[in-house]
Structures are given as C-alpha cells and as structure tokens.
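Both complexes shown next keep subunit A, but they swap its partner, so subunit B is in the first and subunit C is in the second.
Let's look at the complex of A and B:
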C-alpha cells in the first residue's frame, strides 16, 4: 500500500520554491518611477492592499511615489511625515540648481527614525512586505525604505495558560516588538542580546534569539544558532514548531523545550544561562535547553516562603506520579493484589463494584476515554457554550453513569483524582505526556500486575535519563546528581542558599547573588 | 531490526494472558473461619445448627471423601456485599435476615479439600488474605491443635496476623453473632484484643504467627477464650495449651496473673479489699508492669524467682469511710495490700497450672533453655515431670504514683 502510494507520488517531481526575493536581486531600480511602481505591483501580483501614491515634490516637476501596504503602516504618519513634508516643504531639499537631492531628503526632511537607502528589488519587496514604506523619486536609481510600521493586534493581557497567584500578570502577545519590549523592560543590561533572523522561504518571519551575553555559554548559543540557521522550511507559525525542527530527539514524548507566555519566565531563564527564542506572530516564547525539574518549576515557587514552596513543589511531583500511575495501581492492586489493601477498603471497593458489568481495566479505559473527550471538547467548544461540557460531563459521567451501574463510583474517584493531578503539572506539554503514558501503564498493570508497573517505571526512568536536550541530560540535576543545583529541583531551597547559577548550564558568570558580608541567614525567602 | 524487537516486546503483553487477574468483586473475602468437630459433641450444651438444619440441606454440606471419614466442619464467613447504589443503605447492604454475612459450612476430612469443595457452592473465588480470625472449638483444641492447624500454617494465603481464638462450645456460633455496631462478627472479634490496654483479662499476641512459633518451639501457651450469646461476643480468660493440646481453661484472673508474670501486661486494674474496712475496695490502675524471671538450680531442682514491678495510679475506692486519710502512710499500706494480692493471685495461678494442668504457660522452659542451657540439656527429656515440682517464688513491688483528681 505504502509503496504504491510512493510510486504514484514519484510520478510527480518535487519542486521547491526558490524564494520570493532572492531572484529579484538582479533587478535594480530604474530612474523612471512609473516603471518602478509597475514592476513592484507586478511582483506583488497587484494585490489590492498595496497602495501607491504618486505626487510632485514642491512646485517642481520632479515626480515621486510612495508604495506601502495599508494595513501594516501608520497611514497618518506616512501622510504627515512623508507626503505632506515632501509636497509642501520641498524647497529645502533642492540644491542651488533647483534639483532634488536624495541625501538631503533622507537626512533633513523625513522626520522618521528608520530610513534606509536601497537599490535592488529584493530589499524593496521584503521591506514593503514587512510594513516599510518605499519612496522613490524620478531620476534616481536609489529609493528610500522608511519604517512607519503600525501593526494592529492585541494589547498585553494576562497569562491564560500559566496563571500565577502573585507576581507579574503580563503575557506575550502576537507582536514581536511588544514582546521584545516586555523583556527588555525587565533587564536593563546591555548584554541582553537580541539576534534577529529571518525564517521561512515564503514567510520570512522574524525570529529572535535572545540571551544574555556573558551568562549563557558561547557553545550553547552557537549550537542553537547553527541549528536554527540550518532550518529550511517555507513557513512556521510558532517558536515551538521551530524547536521541533532543531531537537536531537524529535520523537520524545516529553517536552524538550519550555514554552511560556510569561516574559518573567523568559527573563528568569536567560538569567540562569539559558537561551530563548520568540517569533513574530506567536504569543509564546521557548527557552532552551530544558530539563524535567525545570518544567516542574512554577513562578509562584519563588514568591513564597521556601518551606511552603518546597511542599507545593513536592506535591507537584507526586501529582505527576499520580497522573501517570494511579489508574494502573488501582487496577493492579484490585485485580492482582487485593491483600495489599486494608480489609474495609477492599470490602467497600467490592461493594461499589458489585453489579458493574465491565472488568476494572475496561472501566478504566472507558473513563479515561471519556476524560479525554471532555478535555478535548472543553478546549474546542466556544466560550459561549463552554458550560455545557461541565454540566454534561459532571452530571452524565459523574452521576448518571454511576447510578446506571455502568461504572463504579470508586473508578470515578480514581479517574477524577488522576485528571486533577494532571492539571497540577505546570507545563501543559508535560501534563499531556503524563496523559499519554498513562495508557501503557494501565495495559501493563492489567497484564502483569504490580510487576508490570515496576517494569514500566524502570523503562520510563531509563527513557527519561536517555533524553538529551542540547547535550543536557533530561533529569539534571537529579541524575547526574549535582548537589548544589538540586537545591532548586525536588525542593526549593531558600533563595540565599542558591547564590550561584545552575552549574549544569555552564554559565560564564557563575555568581547570582552576593549575600551581605557577615550575614549568614538573611530573610528566609 | 530495533523496531522489530520493540514490536515483539510489545506483542508479549497480550500474550501474558493475565492468568492471575481476578476482578476485585469476583473474590470471596473470607473474614473468619470456625473449626468444629463433626459429628458435633453430643454433650455440647448448645444444640448444633448442623443437626437442626432441614433434611434437604445437609447433603450440600457433606462431601465425598477420598480417604478419611469426615471428622471436621469448617465454616467460613463471607461478607454479603450489595451494590451501594442499588441497596442504598451504606457501603454494605443488609441480608434478608438482617445479617450481612454468609456462613458456609463444609464437612470433610481435610481442610484444603473442604476449602476446594466450597468452590462448588459459591460463585466467588475464596480468598484468605483478608482473614481476620480463626476460631477453634474447644473440642478440637482438646484433640490437638497441631492436627488441624497444618493447612493454616502451610498455606501462603493465610496471613500471620490472623487472630486465633478458642471457643467455648461450638465455634460456628461465634460467627453467627450479629454484633450491633459492626456488620461482620469476625471483624468485630478481631478488634476486641485492641482493648488490651484497658483490661488485662484478655490474652494478647495470639495470632497465627505466634502460634507457629510456640508450636514449633514445643512451648506451652495460652490462647484467648471466646464465648457468645445471640448478639454478643465476649473474649476473656484463656485456654491453656500444653504440647499442642488444650488442657483446660484459665479464668480471667488467672490470665491476668499469667500476663503479669510473663511480662505481657499492657494495662488493667487490680482490686483489693481495704484492710480494716468491711465492704471497702481499693482499685489500682496499672500503668506499668514489668516482670523478670531468674532461674537457679539447687540440687538438680530448678527454682524460679519471679519479680513483678507494678506501677499504677490510685483509680477508685468503693465503700470506704477513710476519706481524708490518703496520706503517705495510707498509701504505703495500700501498696503493701496490692503487693500481697498480686503475690497470692500469682501463686494460686501457678499452683493450678503446675498441679492441675501441668502446662508451662509461663514458658519457663524457654528461660531454662536460654539462661541455663547446660542444665536444660540434662533434663530436656524429663521437663514434663520436673515442671510440676519446680519451685517458684513470687515477689511483687507496687508503687502508687498518682492519686487522681480527688484527694
């Protein structure tokens, strides 16, 4: 079947898109602006959103034209600062012979910050597509790309996926410039570096590689940059997609990047020596490299007393285990080892199961499936009818199914606790992973009992420790064990004891915090 | 290749076949076992239900035996679990006669075959890991525990913490009791020994594991006695076991004395008559009791010096007119009275054990084995003859530490 498809497909030869702009390099501006505008409109297929405005400079006969995409520029700025000034105040730009001087226009007339001279069509087209305004003047083989961008989009809002109790309540938006601002505002360090790259043969999206020079290790930055530049794809929407193309272990169930919508998280990551990436048009950034303990951290951990934070964090690890193992443990103990349970519990479980037509494993898989339906439906459903899911889910599954005797109440409890636990995992992708590996564990439990679960756990541990993210073992700092770094893993030690940056990231600047001299135990958070 | 191996490994999962998998509601959780002799003792004071049962039911309880003739009746107690949603009353519904258990009696020659025979009569798979109690009728116990306990000691499903009781009369009757605050008589009975800190009149540490140790080391010991009326169970006193056979009952007070001497005392009260008062009683609530037994050999006759140190609080006085006299002198006098009472109680008990039962319930044998091994080697074969004539002296030492709220 597959080979047949391959044969059919091989009839057609693969063609690769050679890019919109590279081949335009050969075309240069002609002195005639009529030719230039026609050619530009032609290249951009006469799309209706491209606006051209031709006018005469001053009272001379020198003709000029601006070309821009109306939705990407601030038209008021274009009118006031480019067209108006050129039409009305053009006497300044004429030299003694009454001729127009391009350099004078560029230097003295355009009251806009970003003006670039350009000659070739590839730059012009890319500029216009990115929201620049192109100005060309009759008789010159040079034009000006003027940046008067104004993207329309959301304003900065609250984080939806990673809410926190205390701390900043800002989340990234779809506009890169706004996002960059959110980050820059938090660190006023000239070493905070934003490297901009264009990604995508067709999309040419701006992707920004962020790091703090002097903290992040050079090799790590180079490695990530090389892998980023090696990507050849027509378009990407989010930074996560980019990371999927960069990772050494593309099949990993566990997330090997941290996706976050919180600028404070990105800043914290960079401050530890990690590297972040953000792309135009996506409201989330990724940080690299990542380990399991990093994914289990939440920004709230650092705003609370260290003892409270430690308890909460350990709860989270337990929740991860519950999310993965609880249905499996329930099945294995009830069907293989009921002797392990207290007698009264056995009797009450038995009583609640009497009359249930399915074996425990089928019941668990059924409920598990229902749970997945509920979660998926809850996400897909429009907000307006969102309540339906909770009513139908709660009533039908929680009560009616039990009353009808299709599932036992104890199984509803087990699956509910499992679902709740999976929500307690801070990283959405990690929580997703725990949902996926739950099923194999259920199957192992029903075939081999507790022995199967033990084998599965061994396999899972081996798998976890085999994962690498840019050379970093996934379970660092737990294994390989680094005592100093593990202060911020299973536990969250007091901040004053974590005065060094994590060693496993090999930061170039190691000290994070210098405790006041002669003071051993400062405030405990 | 790697992928092929992975596929093969995954394929073994359905191949495993889950032989041992039994859903939790498919098992019958045996909570209690009662062992009786069959045919029941004709002089037993209780009319047996086996005899009383209608004619047509009897054949179900008898089985075709392979070799021996049916000598024992084994009754197991299964909980009747109703679906909580449909039954509606609590986690465990009620049976037709208010009972929430089902007692299945099987008559046969060996216990494993009786156990297997029951599989022909229930839809459930008998499961013994939640067994709470084994009740043995005194009739069987008198014939010899070792004879009947082998299956229970050998079978891996029998947990070592199963409590053992000796019933006065038919053992099955205990399981038939409907306790008022508990659905299952077995569970109820197994929890009674937890009150051992409050009273010393019931035996402690008498589970299957302890039984094994005692039987295999050839020691004599005491098992708790249990008796029942229609809806009540009482466990007090004990049965003295000598050489694996029950030789007689211990009264509640005798058991108390044995526990004091064997250092098993966990708490209880000691009552004495007030000296000089006609009807007056003084009660000591024991908080700490410790005993040491020192053996010494004189002229080839062993002598045991038992010292009991008792510490307690003055708990109550009844019918006395000496209030206001609770001074040091009075307390010292009380201490002496308690001491005398303990000493005489212990002496009486020991005497009866030595002379009437010949049962070494204090396990003096073990003391000789560990503390005077050379001597023990010489007399190992004659211990049964030597024991009744061994001299035992008892010294008690009582301290009254607290007097309570009232002075």
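Let's look at the complex of A and C:
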C-alpha cells in the first residue's frame, strides 16, 4: 500500500501540494483496521508520539482501534470516554442482530461533544494532526474523529508589550481556544462571529476571523475573507505573517495592521466595526483595517479622564515627531541655521563640541547605531542580563564616550530624548518605523538643512497619504478630515460625544450608545 | 472596499493650495511697485474679480461633472480645435511649475541655503513633487488637507506678531491722487490669484454634494484675505520705499520677528518650512494639471497618465535652469502669468457660454 502511495506521489512531480494531505483525498478507509492503522502510521512516518490502541468492542470479536497523538489529547478522556465505554458498555449499542452499529456508537455511547464521521485519509490525517482521536472499527469504511484535545501551554498572563496602568491585565496566550474564550467572555453577543479557516499547505494552522455581525461592514468582511482564502503558502506561524500576504502594500515601512496581545483591544476594535484575526500558536491577534491615529491609541486613553487622555495622546504625537526629527533638527540648526538659537546656547553647544573629532552628523549616526545595538541586545538577551546591558550601555558607554571625547554631551542628550520619545509610541512596529526613517532625515538635514527636513516631511506625508489598508486611507480621519471621527484621533473627546461608531469604517450599526437625554453621562469620562 | 472621493473640505484646501504659491513671497513687492501704498486696494479688487472668473470655471465643471478641463475642451471643441486650444494651457502649467520652482530656489538660497547650488534645491523639490503627483489626486488632496491648517496658523501668527512693528501712517494717504495706479494694478492683482482653475480638474473627483460652491468660495476668499493682509502689514512694517527694494518681503517679514530670551530667537527656518510646503503644494497641483493636460493632448488614458509625470518633471527642471539670471526669471514669470490670464479670459468664458447653450438645446 505504501508503495502505491509512493508511486502515486512520484508520478505527479508537478503538483504543488505534493507532500501535504491534499493528495490523500483519494484514499478511503478500508474495512480492515490493520490496513488502516498501518497506512496511517506510514503516512505519518511512524513517529513515536503517535499512539495506537487496538481492542475488541464489548463481548464481540469486532476489533477496533484508536489512533492519536499523545501530546495533543487528553489520554484520560480517551481511556474513560472512548476505550472504556467501547470495551465495557458496548452491548447497548449492538443492533438486533448483535452487530456493532457505528451510528449508535456515535450518537449514544461517546460522551464527547465533538464527534464526526470520516472516510478519507486527508481528513483523518489532518484530524489526528490537529489533536483529534481517530476511531476505526473492523468492517466499516467509515471512522470517527473524536475531539478530546488538551494542549499544554502557559496560562493567561499580563501583556508584555502593551502594559497599561489601569484596566484589564490579561494577554493572549498561544492556545487558540483560550484566546477565543478571552474574547467570548467580553462580548456576550450572539452576533460575535468566529470563522475558522485552515491556512498553510503543510501547517494547516487554524486561523480565526472574528467580527461582530451587524456592526462590521459586510464588504470589509468579504474582502478580508477573500484575501485570506486566496493565500497559498506552505506554513504560517503568526497572524502578522498572514496579514503581510493580504495587504496591497506589503513593503510598507509603516505597520498596516494592528498587532495586539490585549483581548480588550481586540474587543474594542470589533465593537467599532473592525475585523480581527487570530491564529493557533501565536500569542497575539491582528485587527483590520488600521490607520495611523488608531496605532497612536492606547488602552489607558479610555480609562482616564478625557482631558488627561487628550494631553497624553497629543504628547505621543509630539513624541513621534521628536523620534523622527529631533536629531535632524539639531544637525540642521547647528550646521545651517545657528542664528536661530540664542547666542548663549550656541556658545554652550560649541563649547560642548570642542575636542570632538567628528562632525555632528557622524556623531549622530554613531550614537544611533550604538542605541540600536543596545536595544537589540536588550531584546535578545535574557531579561536579567538585558537590564545589565541597558545599564552598561546607557550609563557606562555613554559616560565613557563623552569623557573620551568621542561624542559631545549635547548629542547624548539629543539621542536620549529621541530614544525615549520612540518608546512612548504605543505600537511597537510604528516605533520601529520611526527609528528607521530617522536616518534619511539626518542625511537630508546635513545635506540641505531645514529645506531637506521640510522636503523629507512632505515626502513622508505623500507616502503616508498613499498608504491604504483595505481601501482605507492611512491618515483617516485626519485626512480626508472627518469632524465626527476626529473626536478619537489627535484628541480623545469625552465618551458621551463618541456615541456613534467611526464613520470611516462604514459600520452597519452606527450607534454605539445613546447618551442620556438632557446632558452628559453622570460619570462622564 | 471603501471608494474614495475628494471631500468638500478638500475642494477648499486644494483651491487655497493652488492659489498660494511662490506669489505669497513677493506679491506685496509687485503690488506696491504698481500702486504704491494703495497696492492692497488693487489686490483686493483683483481678488474679487478673480472670484467671478473662478466661478466661470466652476460652472464649466458642473456642466460636465464627470470630465476635467482638458476633456471638456475636447468634448466642446472637437479633437483638433480642442487640442489646439488646450496646448497653451498645458504649456503654461509646466512653465509655471518650472519658473516658480526656480524663483523659490532663489529665495531659499538667498535666505537659508547660501552654499547649496540651485540645481540641487530644485532637483530635490521636483523629485518629491513627482512622487506626490505620481500617487494621484487623492494623495494630493490629503497633502492639501494637512498643509492647510499649518499654513493658516503660521500666516496668522506671523501677521499678528508683525502688528507691533506696524506703522499705520505708512498706509496713508488712501487713494490720494493714486486712483489711476490703483486701476492699473487691478489686472496684475488678478493674475496673482491664478490657480483657481484647479476646480475644473478636481470637481469630477469630488462627492456630488450640495454646498461644494461654498467651500470653493471659501478657498477663493482665504488667499484674498491673506494676500491683502500681508500687503497691508508689509507696507506698515517696511514702508513703500523699502518694499520696492525687497524682492521677497514675506521672507524678510518672517526674519524680522524675534523672540529674545527664548529657546529659539528667530523662527525664519521654521516659517521657511511653511513656505516650502505652500510652494510645494502649488507645484504638485500645477503638475497635476499639466499631467492631465498633456495626457489628454496625447491621448493617454487616465490609467497611464501618472507616467507622464516623469517626462514633465524633466521638462520643468530644464525650464527652471534655462535662464541664468534670477531677475530675468521673475520677469518671465510675471509675463507668463499675464499671458495666461489674458488667454484664459478670452477662451474660457465663451467656452462656458457655449456649454450652457449646448445644455439648453439638449434639454429642449
């Protein structure tokens, strides 16, 4: 039988699905369970973790076998709810002639929620690989795929990348079922829809499309679903990888999806009319479509008074600009337009640069490079050592570099403020983008002064305006300016003023909440 | 999923962007040269007349809501005559872009970048312009949206800060033995407001919503107010005599504002960023117009017209560097504006009248 499979496989070398489960579709179960188990073990290369257990049903001579992957199933459930039931209690499920009836076993005996009939090997192999237990019975050309999954994984913890001062402190984990539960628990709406799809020719990863039917626009859902189903890839491990294959501008330096590890953020996004995706094995979800103002929002904005939240949010925008422009402005001002600065400050800068052998631009690039090394080292090393690296890098090297006269103290200040500002950006990918585009701005500043910076900004503006995420302009609602939607963009208006969902998402249900008649909500935030 | 259209607000910001241009740096100088301390009156009257002229374009556009100006011209005049009439308009847009890029580069060299060669300044600016135009009208609309509030804020701030240096006596006497000069200055005043023809290029990309004309009117009024205010303030600060000697009084005005004992003593580098943005916006809009004009002229479909950008950028770059003498470039620029104003005054109103007549006949 194996040779037949090999023969079939070798005869179709041009098939792109060779080596995956697709080619197994043509093979059906044999009435002989010996053949079936042998074939399954052959297909899965006799891997040690695949367990088979053959037994006889009740007091008959009908043989049966279960096949499963020990690390993916709950063996106690398999023993108690499948094997034990079939061996000891199967007399109830015999038909009048004393023969085993598969339908009766399925309907009256297996006390597990998810039991499906199957007959082709592609389904069986995929089921076993996904953590199902396969039951085949002698004499039947159909078997049962029984879900008794139990994955081992970490428990729900706190968000590492998106911490917040107030509000929920839960983060997604690597187990899809747990993540789904985290979302379900927050929205008790029957319209909350989870569409499961298999992705990856080999990996067959479970990817779930999440949205609230009746809020998210149908066209948006269809567009995302169509693009998702059109993906033909070997394997994917994260939803971000998937999104890269779905976007019109995959090379964009700015993030065109929002990656989040916070279930509350996903829930808020879906409640506005956006669509989320989550994949098995990844501790984060993505939300679509996304705009720059959305990426500048943080969960804390909604847990604070609106005035405080507005100030903090505007500070973030300023931080973004500082992160991109501050070294460039410093270089341009000191090199081209020192007349702008007060004389004392110019003298102070000049004095601090005395003895530094490099021009300001080289100093800036050197410090930028050092900063990048420190950040990268801090991420890669274990946390305990990472902190040491920060101290060694930030304090010792910075201080030593100034004392050795390699860089000026003012440049250390400039780069430090720039780095701190980049950390204030809530989205990590956006922060990364700001770090990268900083370099061209430095080069423009040293070549053309403030004119170079202005042209760089205009180029950046044109670039940002040209970005689209599922048809949505990246700068929405700032441009095209939408007064209603801008209440949650540069500023965070009081919640009672944001009683409608963002217009730019074209939600089917536009009303978020009805403000109390007369005046503001009592506990207005 | 979401289909885009230019919003009504964008009609305003685009109109403002197209009218503002390199003129904002020197309009006071030329108006004072013509009508002395009453230059602002000529400018105001010219501006008000420009509103009437602009609405002729608007009428032409609303009569053909799915076509832009070059397409309308071909539709109304036929392929041969239409192309013949369109050619000077297409040529004007490229020449305007090239010359204004050159004038602005000269201004920058004079005030900010004395050691940077002009060809490098123009080159960098045109590369960014090409990229923006290549990305299409919606990107241009977004750029206008962002630039508009920043520019309005900067100009208003600059005007407010200049008030303390103003001497109102320098504006006197008003219309005293100067009426002829004021009248003579009206047409040159009108030509500084060119750019409103952009409405005939963007209307077909705009949401068909009532009230577009209000936003368009606002787009026409804002430059008139700012130009007149700038002229008044400049006369008050510099006096007529000095203003005649200043080629770029707006830049001088921004340089004259000082903040002693603050972090930044002078802000001309930052205000320069705003002037750069304004000229840039005007350039991309004129390039957009020229791209559309030449594409229709050469029969290139809308799908491929963006590639025309590169050819026109090269042409504008050559135009900008052809004349070695800076002052001569300013003369060419003003001559071009006058010629174009005259040409369109002769061509566009009859064309609109013809379009109206045609519409009435088709209704009957």
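Just so it is clear, the second predicted complex is superposed on the first by the 501 of 525 C-alpha atoms of A that agree within 3 Å, B and C clash if a C-alpha of one lies under 4 Å from a C-alpha of the other, contacts with A are read in each partner's own complex, and residues count from 1 in each chain.
Convention: a residue touches a chain if its C-beta (ideal position, glycine included) is under 8 Å from a C-beta of that chain, and two chains touch if they have at least 3 such contacts.
In this text the structure is predicted, and so the values were computed from the model without any measurement.
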Simultaneous placement of subunit C and subunit B on subunit A, clash or fit: fit
Quick one: classify A:360 as touching subunit B (first), subunit C (second), both or neither. first
On subunit A, which partner touches more residues: subunit B or subunit C? C
Contacts for A:339 in the overlay, against subunit B (first) and subunit C (second): which applies, first, second, both or neither? both
Who does A:89 touch here: subunit B (first), subunit C (second), both, or neither? neither
Does subunit B (first) or subunit C (second) touch A:348, or do both, or does neither? first
Is A:506 in contact with subunit B, with subunit C, with both, or with neither (first, second, both, neither)? second
After the superposition on chain A, what angle is formed at the C-alpha centre of subunit A by the C-alpha centres of subunit B and subunit C, rounded to the nearest 10 degrees? 40
So, does A:402 touch the first partner subunit B, the second partner subunit C, both, or neither? first
In the overlaid three-chain picture, which partner chain does A:114 touch, first (subunit B) or second (subunit C), both, or neither? neither
Is A:234 in contact with subunit B, with subunit C, with both, or with neither (first, second, both, neither)? neither
Let me test your reading of the model: by the given contact rule, A:461 touches which partner, first (subunit B), second (subunit C), both or neither? second
Subunit B and subunit C, minimum CA distance [Å, superposed model]: 5
Once the two structures are fitted together, what part of subunit A is touched by subunit B and by subunit C alike? 336, 339, 448-449
The subunit A residues in contact with subunit B across the complex are 334-336, 338-339, 343-344, 346-356, 359-360, 402-403, 405, 409, 443-444, 446-449
In the complex with subunit A, residue positions of subunit B that touch it: 13-14, 16-18, 20-25, 27, 29, 31, 79, 81-86, 91-93, 127, 129-130, 132, 157, 159, 187
Complex contacts: residues of subunit C adjacent to subunit A: 1-4, 6-7, 9-10, 108, 112-113, 116, 120-121, 124-125, 128, 131-132, 135-136, 138-139, 141-143, 145-147, 260-270, 272-273, 276-277, 280
Could you list, by residue number, the parts of subunit A that touch subunit C in their complex? 217, 219-220, 223, 332-333, 336-337, 339-342, 345, 448-455, 457-459, 461-463, 465-466, 470-473, 475, 478-481, 504, 506
